[in-house]
Amino acid sequence: MFKSVTSRAARQFLQPAQTASIGRRYAHAPAVFDWKDPLGASNLYTEEELAIAETAESYCQERMLPRVLEAYRNEEYDKKILEEMGELGLLGATIQGYDCAGVSSVASGLITRAVERVDSGYRSGMSVQSSLAMGGIEEFGTEEQKEKFLPGMARGKILGCFGLTEPNHGSDPGSLESVAKPHPTKEGYYSLSGSKTWITNSPIADVFLVWAKLQETGKIRGFLIERSQCPPGTLETPKLGHKNGLRASITGMIHMDGVPVPKAMMFPDVEGLRGPFSCLNSARYGIAWGTIGALEDCIARARTYALERKQFKGNPIAKYQLVQKKLSDATTDAAYGILAAYQVGRLKDEGKAAPEMISMIKRQNCDRALVNARHLQEIFGGNAVSDEYHIGRHVANLFVTQTYEGQSDIHALILGRAITGIQAFV
Amino acid sequence: MFKSVTSRAARQFLQPAQTASIGRRYAHAPAVFDWKDPLGASNLYTEEELAIAETAESYCQERMLPRVLEAYRNEEYDKKILEEMGELGLLGATIQGYDCAGVSSVASGLITRAVERVDSGYRSGMSVQSSLAMGGIEEFGTEEQKEKFLPGMARGKILGCFGLTEPNHGSDPGSLESVAKPHPTKEGYYSLSGSKTWITNSPIADVFLVWAKLQETGKIRGFLIERSQCPPGTLETPKLGHKNGLRASITGMIHMDGVPVPKAMMFPDVEGLRGPFSCLNSARYGIAWGTIGALEDCIARARTYALERKQFKGNPIAKYQLVQKKLSDATTDAAYGILAAYQVGRLKDEGKAAPEMISMIKRQNCDRALVNARHLQEIFGGNAVSDEYHIGRHVANLFVTQTYEGQSDIHALILGRAITGIQAFV
Amino acid sequence: MFKSVTSRAARQFLQPAQTASIGRRYAHAPAVFDWKDPLGASNLYTEEELAIAETAESYCQERMLPRVLEAYRNEEYDKKILEEMGELGLLGATIQGYDCAGVSSVASGLITRAVERVDSGYRSGMSVQSSLAMGGIEEFGTEEQKEKFLPGMARGKILGCFGLTEPNHGSDPGSLESVAKPHPTKEGYYSLSGSKTWITNSPIADVFLVWAKLQETGKIRGFLIERSQCPPGTLETPKLGHKNGLRASITGMIHMDGVPVPKAMMFPDVEGLRGPFSCLNSARYGIAWGTIGALEDCIARARTYALERKQFKGNPIAKYQLVQKKLSDATTDAAYGILAAYQVGRLKDEGKAAPEMISMIKRQNCDRALVNARHLQEIFGGNAVSDEYHIGRHVANLFVTQTYEGQSDIHALILGRAITGIQAFV
Amino acid sequence: MFKSVTSRAARQFLQPAQTASIGRRYAHAPAVFDWKDPLGASNLYTEEELAIAETAESYCQERMLPRVLEAYRNEEYDKKILEEMGELGLLGATIQGYDCAGVSSVASGLITRAVERVDSGYRSGMSVQSSLAMGGIEEFGTEEQKEKFLPGMARGKILGCFGLTEPNHGSDPGSLESVAKPHPTKEGYYSLSGSKTWITNSPIADVFLVWAKLQETGKIRGFLIERSQCPPGTLETPKLGHKNGLRASITGMIHMDGVPVPKAMMFPDVEGLRGPFSCLNSARYGIAWGTIGALEDCIARARTYALERKQFKGNPIAKYQLVQKKLSDATTDAAYGILAAYQVGRLKDEGKAAPEMISMIKRQNCDRALVNARHLQEIFGGNAVSDEYHIGRHVANLFVTQTYEGQSDIHALILGRAITGIQAFV
């Protein structure tokens, strides 16, 4: 009735090479566990991906890390960082052409991880430029728009931002109120009005990808606004300060009061939420990698602290079971998170990544990074209160990553809808 | 100072085929999310692995599932199941030769998942036969021992079990008390005495792989005892009943009182805990796959229940946010768990799987399967108390998987030792 | 602007006796921590309450405990238990008159705790008799109904049950389908038809408090059905077996097919869900006490096991941090749970206990008892699988208590409604 | 065999008044649930305690709250706050005499709760003054020491701090290194040297209660150092800035390099850790109340936000189940936490509060306040990142409360030791 596995395997499965390889498996010296790569993910990357990761990692540790403490304390974002990243080809890195690197999604994930290992705010600044702004232009823009903006953005010379969220419309962007109507005086122009909030990079951006409803159709469309072309008083981008986290990134509002936008600066074909959601999808994919980078930094720092800090008869606190459990849990979630992000990255390049997969890894990796970072922070005891241990900054940042680009519960309901076929948002 | 990614990628990374494939990525119809395989793991298996999985899945659903409810209620294990599995080549399936199928570790994981989707007890019975008993003989036995036992065991005609745990030595097997000394009367024989407990399959086993200390050296060695060769009164294997879980597997003790064992039935080379730990490692690898199978069955059953059960104005309870969150969480952990088990499976066949990797996936997959199964059980409300919904059985079983073959906390400390270099067991 | 505390205290607060008492506070020998009563709740009970608790405790440990293992294994409920409880005055104990004890709500809580320390199923059997059946009759019955039933029920000679839940209506009882219409042939009688399920004690009950819609009004009303008065074929109460938990209680259905009920056996005044909800409220109050009793038994058993079980160089496992943390967490939740139940008990007797308070303590105490019992079960390692350690039984039982009489999530939404003023059930 | 409850109750328990009260219980209008006091704790306070709470509450909301945002942003502590508190009699409020209010421990808990409802840092500043410094002097000081310091401290004119923790000795203060030896030149003086860290109020303190080892005996003793009496260069108290939390309190080090301390400024009788632990005990008791105050503020703010914030068809997000569950959980833990703190407060005044009780409530209330505050913070979505919603500040503060005065795990082990009789610190 059932087909025997033995016969099947004998017939089809085992190729000589494979047999040999399996046959050798007990001859090997026992494999060694590496807490920095607990489930051997580095076996999965191509040589090129490993080299790209190393470039990004070196830059981040050597150039970004020394700046982050002061930047975070003072809520100051050094926009030269984007220029430096541009020089290294880290911006819009998956884009083909337009002076972009054209790397795999996994390579881009590894870059993101390296950046967020330093700071989620720095990663946010990069994500906005790469995934939201450049990614949107590349996917939905006209050839003219691409050629105008992408090469400068790839070099970090033109800074972009992405305006979707409004003060009254966060989780439900479909209700956004910004509007584009025919410009009352300028032929061939739309006039855009409305407000956007929590827009990373808005105070320093040169070009704004803004989503607004086209008055004629009531449909959401994407527009590219150049700051330099805006008459005085039509565009304001005040900085939002006093943030609880992501203080090393710069965040602001976008107030538009009759901004004139040439019709050629509207995305030609995409209507409704499909446009912004596609951009967010790419950004969320990056967050899934990045937050694990932040968690890995927490693990490394907590491990070092636990080995150096001695309490009770001179024992390093790494010897205590309650400390080891926190390290074990965190290391496990980091290892699992990387494998999941890797898998979606590969599927993405094969065109097989469903948006819900990205909801899943964005949600889970943010959630687990945050939970474990908080537990690891406990290892530092009273010393955790000092920002010089860096872990408090990661914890504060990771909370924000859990709430932006789809708060964790929203992604739970996106998944729930995909699992059950029933939506439960309202 | 840093090498640009762009130049590197341009030079090395993108092969034409790959470029094309990436270039096509937006042309695809959007990928579809499948709640049964949320992160597309099925893309990773070879065709042969998929075929093997299907064979196992069909057998388990069609032949095992109808038996499990009564078996569990009555604590009755139908040993014909092992024979049926043997006919299909499911036993000792990764072993090369000796009438075994010689499949990949991933294929064997898929078999395990299919079996545990029905019942963790059935999977336990198979694990003992395949990983602990056959695996031990294959890895450490003499050629004579292999030829004597493996073919019959592969067919499920000879049943094996694995005796390591003793009543007073669970998490710390190094302190075991069973002893092998020269037989007082039979030349060329050892005499084995001692007690083993919680031994799956012991009441029905034909051959016993028992670990005992060789009196001469004080070192732990492995011995193969054949029930048919034991003089009356030397070997007793009473069944342990009244279990809280795994009731569809059979568990017992092994009492040895001067069992005569020919010297040729001792494993020749392996000494100390290396032997039993290597066998356990294989079994634990299987548990990492199996428990996700059990969780997947819980998800499927909870989803169906939530879609069919209507409360409050005729809404299916699948519409409620609190229900959807449980489904989303569980589906996520199942998807992550499979990817991790897959990765370790591939590394295993390449000789790159460190034992701590297996501790990690055994622990995490047991823990997450258990936690999520419990949350899913809540969806059934008062009806969960009926065993006909199966989920209560999975929950009870999964708790046992968390405690055996290394309780979760023990694996946390194994990982902690690997991460910190410090052991915290005592 | 603000009144000084010093002057206020000087003027009003400190009475001489109190001052003295506070003044003495440092003179005392340091107070001793008792893990069985960690926050000194026993200071709060009256002497009578303590004496009642002791009576109940002795009976439960000496008479019930020896029966429970076999009862649970075989799903056999010994109905003599209710008679024994009746002899001791434990049934309907808060009722004034009708041969009931008339004790405080706290005393009744302590009885419940003592019973559930042995088994949640035994407590369920008692709750149904006391809170649901007797409580309902006392609160809503006519004087005739009370005199007819309460004295016999108090002695455990007449067994009652409570029929609200129907196969298709659990969390939403307002949609129940059972109906009472004028009896077609018997003057002065209603004819009741419909089905109830998961009814504790139904197979052994003598009197059934059943809620059904009165056809004339469409309103839910309460009816008392005497089994002995039902013509053959009109009332059937099959037992529901094969339960995952609460196996030492007996549960069944109630099938009514034209049961004739005298009009005098309807509750006179109460209409709608107010009636059954008031009964459930009392039962839920008892569950809040009882589940902590079960948890306390788990703590005591886990503590004993941890002190006796030795692993790794002969250390009792109680020495391990991961074990101590489980004990500390559980002990804390037990102590908090008792204080909350106590507080609501006192408020109940003063008429100040809002139903949402009972939702809160029912939910929290069930949830925390369950979570901690599960963690404590881990301490038993592989041995947890044996039912002789009792903890597996508590864990299975406590899961059921979380799902019945309002599943945890339903109570969360009841609380949510009370907190926000908005209902989120649909 | 067992004594019937009925007879006992009939004979002893029910006094007429009580019977009547119970008899009336169903006649009452149904009690109303108040989310701000879910389990009716306000029924437990005396009128005086309620009045004191109201004074404290008014002061805190009207005078402290407007200052906190800027103080936290800039890490600036306004020491006038302690003076204002002193005017209201809030400092050292449980102390009898010495111009202190002499209120009950419950009243003092209510004050603490009111202060921490605004900010944990403000509460820390008060705790140090009241519990650690004044409490220590009152409990262990000579009459001369009390008269010299307490009245001025009660008015907030003399600021105190408490020096126990050292850079290398946090959880294990028994190993502290600060030392007091006979002063080389000043007769009748000790010379104190050593460093203390994370000392709240040290940069602004006038008097320092410092614990150091007396060279002659090797035993820890308490010393009172007056800043004004220290020769230049002997005492330095640099501020520690750049904190992740408690930024509205001021924290510093104490560097002592041969500080001359008159022998009369040593506590006369207390030796070893008993002294500092007793002070810490009082402070920890206050933290148990205070952290619930912070949680209650989070609940109130999250509830308001959820009612005002509308998403998806104009529904307030308070309508969503996932939001309601967070509110329900938090409200429950707050209600339980208050009852536990209240109970220990009453026992404290009766001399029945064991130190482990305080470990229990300190740990649990900090832990639950923190966990729930974090969940409530999620309700604010992306807006949580703005400090103007206050909740991020509470979350950051509450993490610190979990780590100071005994990190949560340390208290778990203190409890574990009390439960099992075995210590697991090393």
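Points to keep in mind about this one:
As written, the chain order gives the labels A, B, C and D, with residue 1 at the start of each chain.
Operating definition for what follows: contacts are C-beta pairs under 8 Å (C-beta built on N, C-alpha and C of every residue); 3 or more make two chains touch, one makes a residue touch a chain.
Computed from a prediction, not measured in an experiment: that's the story for all the values here.
With respect to chain D, maximal separation of chain centres occurs for B (centres as means of Cα atoms).
Across A-D and A-C, it is A-D that has more C-beta pairs touching. Here the CA centre of chain A is 36 Å from the CA centre of chain B. One finds 40 Å separating the Cα centroids of chain A and chain D.
For this pair, chain A with chain C, the centres built from the Cα atoms lie 50 Å apart. Touching of two or more other chains is recorded for residues 320-322, 325, 409, 412-413 of chain A.
For chain C in complex with chain A, the touching residues are 320-322, 325. By the touch rule above, chain B contacts chain C in their complex via residues 73, 165, 168-172, 198, 240, 242-246, 251, 310-313, 315, 322, 374, 377-378, 380-388, 392-393, 395-396, 399-400, 402-404, 407-409, 412-413, 425-426.
The residues of chain D lying in touch with chain C in their complex are 2-10, 12-14, 18-19, 21-28, 30-33, 35, 38-41, 43-44, 46-49, 51-52, 55-56, 58-59, 87-90, 93-94, 96, 99-104, 107, 111, 139, 154, 303, 306-307, 316, 318-321, 323-325, 327-329, 331-332, 335-337, 339-340, 343-344, 347-357, 360-361, 363-364, 409, 411-413, 415-422, 424.
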